[in-house]
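Look for chain A in each of the two complexes below; its partner is chain B in the first and chain C in the second.
Here is the complex of A and B:
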C-alpha cells in the first residue's frame, strides 16, 4: 500500500479549543503559531493562533493523518478554504458560553460547507450554557442553512470527546457513501 | 371602557412578526370590546409565541400552572402546531387577529368571574409524544426534558422505590444512592402512573449539590434502550419509516458506533427498520432499541406507510476501508 496523507481540520473562533483538541489526539508535540493576543475585545485569553496549529498521527505503511487548526481570528478566513480543500473533514468548535456562539455556527458552517459539503462537517459546542443559548438554538441555526449537520456538546480537553467527534465525522462520510452508492435502490 | 387593559406580549417571534402584531394592536385600538395594551415579558395576560421557541414552552408551562398567560402559537406556513390549542397562522391578517382578540377577551372576562380550573400538580407529560400514555415514568421524564432550558423549577419523582430529583435548570437527574444497574432495573419495572411533585422553592439546588447525577437525556436514552414497549414507534413499526429530527447529543449520551451509524443514516433519510439494519449490517433489535431511545428523547419522526412491504437494500459488508484505518491509528473502536 502506498503511503498516503490525509488531513483533518479543526476550526472555530478564538478560544473555542482548537489547539487543545489537536493536542488531545496528536502523536507528536503540536506545532503552534501562538502569539500574544492583542484582540482582547474579541476574546480574553493570553495567546492566540495566527497561522495554524499542526499535529500528526502516524498510520500504518508510512501514511499520515495531518491535523490542522485554523487561526481563530476571522480576518484570517481567507485561509479556511485553502486548508479545508481535500480534507477528510472539518470539526467546527464553538464556545457555548459566548453570546454569539450561534452566529459563529452560521458563519463557520456556511463557509466550510461550500468547500467540503455537509457530510464532512461536525459541530461541537464546548462550555454550553443553556441560560445563554440551549443546544436547540444551534440545531435550528444549522437547519436554517438547509443542512443537517451533527451538533453535539463536547469537552475537547478529553481525548474521548475528540474521538467521539472523529467517529461522528468518519461515520457520516461512510454513510453518505453508502447512500450515494445505493442511490434510488431504497 | 373602565376595565383595565388586557396586556399582550410577544415572545420569540421574528422581528417582522412582532412589529406587525404591534401595528395591528394600534390599528385595532378602540375597535375591540376590550382595551388591549402591548407589554414586554411573561407577566402579560396573553402571549403570542413562536411554537418551537423555549419562550413558548415556558409560557405554556406558566399557563398550565397558573392559568395565565393565555398562550397563542404564531405559526409560520407549514409549521407543526399540533400541541397548541390556540393558533394564529402567518401571514397575520387583521380579521383573524381581531377574532382571536375578541375570543380571548371573552375568555379572560369569564375567567375573572370564576377561577380558571387547573390541576393542583401539573402533569409534566403534557408535551409528551402523542403515543406515550400520560403520567408514565417515561412520559413524565420526557415532559420535564422538554422544559429543560425554559424553567427554573425542579421536581421530585418517586417511582419503583427510587426517589429522583430533577434539576431542570441544569437538565440533571439526581439520585442519592447513584445510578446503578439496580436503579435502572427498578425504573424499568415501574408500571402505571408516577408521583411528580415540584420541589419547594428555596429548597432546590442547594440540597442537590454533591449528589450523584446523570443528564436527564441520558436517563431517557437508557430507559428507551432498555425498554420493551414499542408504542413510541407508531402503531405498526414494521410498516413505518423512521427519521431523526436532529442528532442526539452524544456529548451527553454515551456514544456507541452503531448508534452513530444509525444517526448518520436516519438523519439523512427515512427508512424502515429492516432496511436500516440491512444497510448498515446491524441487528434489527439494535435498530429498534435505538429508535425507542430516540423516541424517548423526542428526536424521532415516524411515518406510517400505506403498505407493509419496506424496501430492504442488499446486505453490506462490514468495514469501510480508509476510515477503519484512521480509527485504528487514533485508538478508536472500529
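Here is the complex of A and C:
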C-alpha cells in the first residue's frame, strides 16, 4: 500500500481539550498558537489557542496522520473551514461539565458536516456529568441534525483515549468510503 | 472580559490611533487588539468589522510567532500582508509580552515604508507610555 497523508481535525469549544488531545498522541513536538486568555469570564483558563494546533502520528506502512486543532471560540470560526479543507474527518470534543455542552455539539457538528459530510465525525464528551446532561442527550442532539455519529466519553489527557477516538474516526471514514462505493454501483 | 490593559491605557491607545490615522495619508484605518482577539481601540473604515479584524489579527500574529519560533527566530514582531489593493500591517506593542497588537490597513503603494515607520513609532510610543521595556 502506498504511504499516504491524512488530515484530521480536532474541534470544539474553548477548554474542551483540543490542544491536550493533540499533545497526548503527537509523535513530534506540537506546534501551538496559544496566547494569554483575557476572557476569564467565558472560561477560567490561562491560555487559549487563536489559530491552530498541529501534531503528527506515524501510521503503519509509512502513512502519516496530520492532526490539526481549531480555535474554539466562535470569533475564530473563520479559521474552521480553512483548517478543515481537505480533512478526512473531524473529532468534536465537548466538556460535559458545562451546562451548554449539548448546544455546543449542535453548533460544531452542524458547522463541520458542511465541510466533511455527516459520516466522518466523532463526538467525544469529556468530564461527563450525567447529572448535568446524560450521554443520551448528546445522541439526541446529533440525531436532530440528521446525523448518526458515534458519541463517546473520553479523557483526552490519556493517550489511549485519544487513540481510541482516532480508531473510531477511521472506522467511520472507511465505512463512509464503502457506502460511497456501494452508492456509485447502485 | 479582563482586558489586558486598563481604562486609562485604552484611552491612550485610542488617542494614539486617532493621531496615527489623522496624520498618515496612506493609512485607511488601524486598531489595537489583544493577542487573543479582542478589540481594545479602533479607528477603522465603516466597511471593516472591528471584531472580525481583531480575531484575524490575533490568529495571523500567533501563526507568525509560531513560524518565527520554528525557524529559530524567537518571537514575531511584525507581519506585512500585501493585498492587491493595499497592505495590512501587524505589529506587537513592545514590552507588552506581545499581548497587544496593532493592526493597520494601508492603501499606500509607494509609501508603505513611511506607513510602517509611523506604525513602529506608534507602538514604541505606546510601549514606552505603558512603562514597559523598549524594543
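We take it that the second predicted complex is superposed on the first by the 170 of 186 C-alpha atoms of A that agree within 3 Å, B and C clash if a C-alpha of one lies under 4 Å from a C-alpha of the other, contacts with A are read in each partner's own complex, and residues count from 1 in each chain.
Basically, a residue touches a chain if its C-beta (ideal position, glycine included) is under 8 Å from a C-beta of that chain, and two chains touch if they have at least 3 such contacts.
Computed from a prediction, not measured in an experiment: that's the story for all the values here.
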- Task: Return fit or clash for chain B versus chain C, each positioned on chain A through the superposition.
- Result: fit
- On chain A, which partner touches more residues: chain B or chain C? B
- Give one of first, second, both or neither to describe whether A:3 is in contact with chain B, with chain C, with both, or with none. neither
- Query: After lining up the shared chain so the two structures overlap, which partner does A:136 touch, if you call chain B first and chain C second: first, second, both or neither?
  - Reply: first
- Message: Rounding to a multiple of 10°, what is the angle at chain A's Cα centre between the Cα centres of chain B and chain C in the superposition?
- Response: 140
- Query: Is A:78 touching the first partner chain B, the second partner chain C, both, or neither of them?
  - Reply: second
- Message: Touch test for A:28: chain B only (first), chain C only (second), both, or neither?
- Response: neither
- So, A:154: does it touch chain B (first), chain C (second), both, or neither? first
- Note on the structure: Once both structures are superposed, the least CA distance from chain B to chain C in Å comes to 24
- Looking at chain A, which of its residues have contacts with both chain B and chain C? none
- Note on the structure: Within the complex, chain B is touched by chain A residues 6, 25, 57-60, 63, 65, 88, 124-125, 130-131, 134-136, 139-140, 143, 148, 150-155, 161, 163-164, 166-168, 170-179, 182, 185-186
- Within their complex, chain B touches chain A through residues 52, 54, 148-149, 169, 171, 246-252, 255, 257, 260-261, 263-265, 267-269, 271, 275, 279-280, 311, 313-314, 316, 320, 322-323, 325-332
- Message: Quick check on the complex: what are the chain A residues that touch chain C?
- Response: 31-42, 48, 50-52, 71, 73, 75-76, 78-79
- Query: In their complex, what parts of chain C are in touch with chain A?
  - Reply: 1-4, 34-38, 51-52, 54-56, 58-60, 62-63, 65-66, 70, 97-99
